[in-house]
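Both of the next two complexes hold chain A, though its partner changes from chain B to chain C.
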Partner chain A sequence: MLAIDNLVVSYGKIDALHDMSISLEPGALTTLIGANGAGKTTLLKTISGLMKPKSGTITYEGTSLIGLEPHEIIALGIAHCPEGRRVLARQTVYENMKMGAYVRNDDEVGEDIEYFFKKFPQLEGRRHHLSGFLSGGEQQMLAICRALMSRPKILLLDEPSMGLSPVLVKEVFKIIKDIHDEGVTILLVEQNAKMALSIADKGYVLEVGRIIAEDTAANLMNSKSIQDSYLGG
Partner chain B sequence: MFLQHLINGLSIGSVYALITIGYNMVYGILELLNFAHGDVYALGCFVVLGLVTAGIHPIIAILGGVVSGYILNILVERFAYRSVRFSGRVTPTISAVGVAYIMRNAILKIWGPETYPMKLGFRGTQLHLGGIVVGTLQIYIFIAAISFMVIISLFLKKTKIGQGIIAISQSIPTAALLGVPVNRTISIVYGIGGALGVIGGILFCAYYDTIFVGIGFALGTLKAWMAAIIGGVGSLKGAVIGAIMLGLIESMVAGYVSTLYKDALVWLILITFILIRPQGFFPSQIAEKI
Partner chain C sequence: MKNKYKILLFMFALLIPPIIRNEYYVRIVNIFYMYSVVALSINLIVGFCGQLDMGRAAFMGLGAYCSAILTVKMGLPFIAAFLISGAFSGLIGAVLGFLCRKSAFDYLTLVTIGFNAICQIVFLNWIPVTGGVMGISRVPQPNIFGFHFDTNTRFYYLALFFLAASFIAMHRICNSRMGRAFEAIRDDSIAAEYSGINVQLYKILNFAIGSVFTGLTGALFVHYTQYASPFNYTLDESIYQLQMAILGGLGSLAGSLVGTFILVVLPEISRSFYEYRLLFVGILMVVMMLYFPNGLLGKEGVGERLIAVRLGMLGGKNSRKDSGG
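Take a look at the complex of A and B:
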């Protein structure tokens, strides 16, 4: 569904991703795990058009994404829920949700918002509050729902568990699993490898800009070297 | 006497308000002090003069000027600012000053440094109420300033493009990820800023019945900047309140202290104000990156 081949992305002279290849299968939950600074965010930013690659290809259902602007890429059905949530603090919860549907032109946006509000009553109760006043967990839920408001075929999630309490981390992973069950293709980027692999179909391990392992999530979980380096032994 | 100064201050303040709304919108979205703002609208006003002189109906001429302000400011953003958008603050500011000089010289080349009468035919009548004189034009100007503030606020709050503008003013990458076409939306903001500038400039010319090249910088960019400092840079409400306060201060100083030292005194008041309250009365609603 999404194929990335031999991708090289750099900040100035320094390459952050070297010759990277990844593919996402339709409906699959793929996870990319790796330590801080490995290049996970850089990959997602390149897929969604915020960064331009030096070389390599990104192909989505047969079309090349190289050179497209972010608003064109989300319009094709790829939504990116960024690291650190990035809610629009000066807009209300409702306005943030509407912003998520910016690329849509149908008249079901209001219904979709109510659907998510029903699912996440915490957001519903704060629909007219400025998003900057939400708690970290609420902001994360808002960020995920906002990304889903574009009705994406592929959802890119950048460290959704970052900075959340263990209880909230569990809740967020449950939400991700639900989205997966509804058929959305997901690329989940995480430092929390254990949780990510436990819900994923397939995993990639990224180390300083290179993929060093690629397998089913179950196999990665059982791999001795992955256990030692990423799953706390 | 006090009432008379109050009314004069309110109406000149309303002219400044229209100029400042456009200025603050542009500031709000990119945090760029647009030093070309006044010169863009001056050129737009000269377009109106040219059209009126050519015998075109003033209303059509004004529309022509407003459209040219819209287009000019879009061109300025496209060619002078876009490529330096992420180059810190100094580079775009220098670029803006450069554009201002180009506009100013274009006016000087075509119309020269002379002061022209601006006959738009809506001087209106003078109403004598008790001891004070109120021009109908003054009333129209006041209504126009308030209406535009309300229209722009509603546009930002209620329309998709307006919400996109507010999103960009918070974070360009976040807005882009949500599907806001960043370049196109920024163009629109500049266009609106230029158009509102011309409207303010035309009312200025109508108020004084004259036009000259200096209305751009001294009476446009600087006044907008002063009003923005008083009201709050980047804020729409701040633009209007700051501008009206500036008008009132000018009119009171001229009326009670001295016409000769008016500008010097107003600057003195402004500098004192910056020292006491640098964020203005209404810190930005749409600026302030997160």
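Take a look at the complex of A and C:
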């Protein structure tokens, strides 16, 4: 569905991603794990058009994404839920949701918003609150809802567990699993490798801009070296 | 409910000249109306889209000179020159917006200050076209299809109509799909980009639309004062106009009118203290920063505090949080 081949992305002279190749299968939940600075966020930013690659190809359902602007890529059906949530703090929860549907011009936006409110009752109660006043977990839910409001085929999730309490992390992962069960293809980037692998179908392990392992999530979970370096032994 | 008050206010405004019957006061109100439109355009750019533009006077100057040249040197009728000036100013705004489309906040401010200086130099030195230091005099008074706006009172109705039309247009823009994009860019331009907003395009549009209104005001102004002077469009003037928008409250259209009223009408009322105008404004700014950091009618401004008092939940800075947004 989405194929990345020999991608090289750099910040100035320094390459952040070397020769990266990844492919997403339709309907699969793929996870990308790795330490800080491994290049996970850079990869997501490149897919959604915020960063331009030096070389390599990104192909989505047969069309190349290289050179497209972020708003065009979202319109194609790839939504990005950014690191650190980035909700529009001075706008209400409802307005944030509406903003997620910016690229759509059908008239079912209102229905979709109600659908997500039904699914996330915590947000429903805060419909008209400024989103800057929500708790971290609620903001994360809102950020995910906002990304889903564009009715994406692929959802890119960047560190959804960042800064959340263990209870909320569990809740957020349950939500991600639900979304996956509804048929959305997901690329999940996480530092919390154990949680990510427990819900994923397939995983990639990233180290300093290179992929060092690629396997089904279950195999990665059982691999000795991965356990030692990422799963806390 | 709210619209009813607005219509009442408009009806009252229609009656102002017969009530005050003083040419000088009517003139002040006329100037207040025109500056209000400038403050609105600044609000659109700075308040709604978050682009700190400090060169609005340059666009007023572009509109003014364009209209003055078209009418005096080329003999075009007022209404045509007026509309062309707005379009011209908007076009230059779009070009400047295009050049600044990738500039971050503070760089954009520097570019606009520089642009203001460039315009100033062009007005002063392109003598065959702008008349240099002499400016352009004998600019005809507004004349729409044979009706002369040659007295302050007649001009009053033109200015009032211009302000009302601009206010309604701005209100529409700010509450549209485009307005939501502007606000998203102001709040977090990266998040706006993640939401699928073409950030660069909307920044250019915002600049162009704001400049149309500023340019139109400049043109109307020059036909009122009948004289285009290069010294009217300096950086000082830009900053003064910016203060009008900030004082009233960025992001509040009605606030722009209040801010302009304070900075245009109050110094005139206290004419004998005119020398101390800047001192007064300085003190006002300090007090505002301390007590109303978002302007009189902005967030946590007078309006919200009154509501908070009425609901008996005045909690200082957190009043918004308590009242649930």
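Criterion: the second predicted complex is superposed on the first by the 233 of 233 C-alpha atoms of A that agree within 3 Å, B and C clash if a C-alpha of one lies under 4 Å from a C-alpha of the other, contacts with A are read in each partner's own complex, and residues count from 1 in each chain.
Rule of thumb we're sticking to: a contact is a pair of C-beta atoms (placed from the backbone, for glycine too) under 8 Å apart; a residue touches a chain by one contact, two chains touch by 3 or more.
Predicted model only: the values in this text are computed from it and were never measured.
When both complexes are superposed on chain A, chain B and chain C clash. By the touch criterion defined above, A:134 lies against neither chain B nor chain C after alignment on the C-alpha atoms of chain A. With both structures placed on the common chain, the touch criterion links A:82 to chain B and to chain C. Contacts of A:146 after superposition: both chain B and chain C are touched. In the superposition on chain A, A:92 makes contact with chain C only, not with chain B.
By the touch criterion defined above, A:193 reaches neither chain B nor chain C. In the superposed model, A:103 makes contact with both chain B and chain C.
Contacts of A:179 after superposition on the shared chain: neither chain B nor chain C is touched. In the superposition on chain A, the residues of chain A touched by chain B in one structure and by chain C in the other are 48, 50, 69-71, 74-75, 79-80, 82, 86, 88-91, 95, 98-100, 102-103, 146, 150.
Against chain C, in their complex, chain A makes its touches with residues 48, 50, 69-71, 74-75, 79-82, 86-92, 95, 98-100, 102-103, 128-130, 133, 146-147, 150. Those residues of chain A lying in contact with chain B across their complex are 48-50, 69-71, 74-75, 79-80, 82, 86, 88-91, 95, 98-100, 102-103, 132, 146, 150.
Those residues of chain B that touch chain A in the shared complex are 160, 163-164, 166-167, 170-171, 173-182, 285-286, 288, 290. Of all residues in chain C, those touching chain A in their complex are 177, 180-181, 183-184, 186-188, 190-199, 299, 320-321, 324-325.
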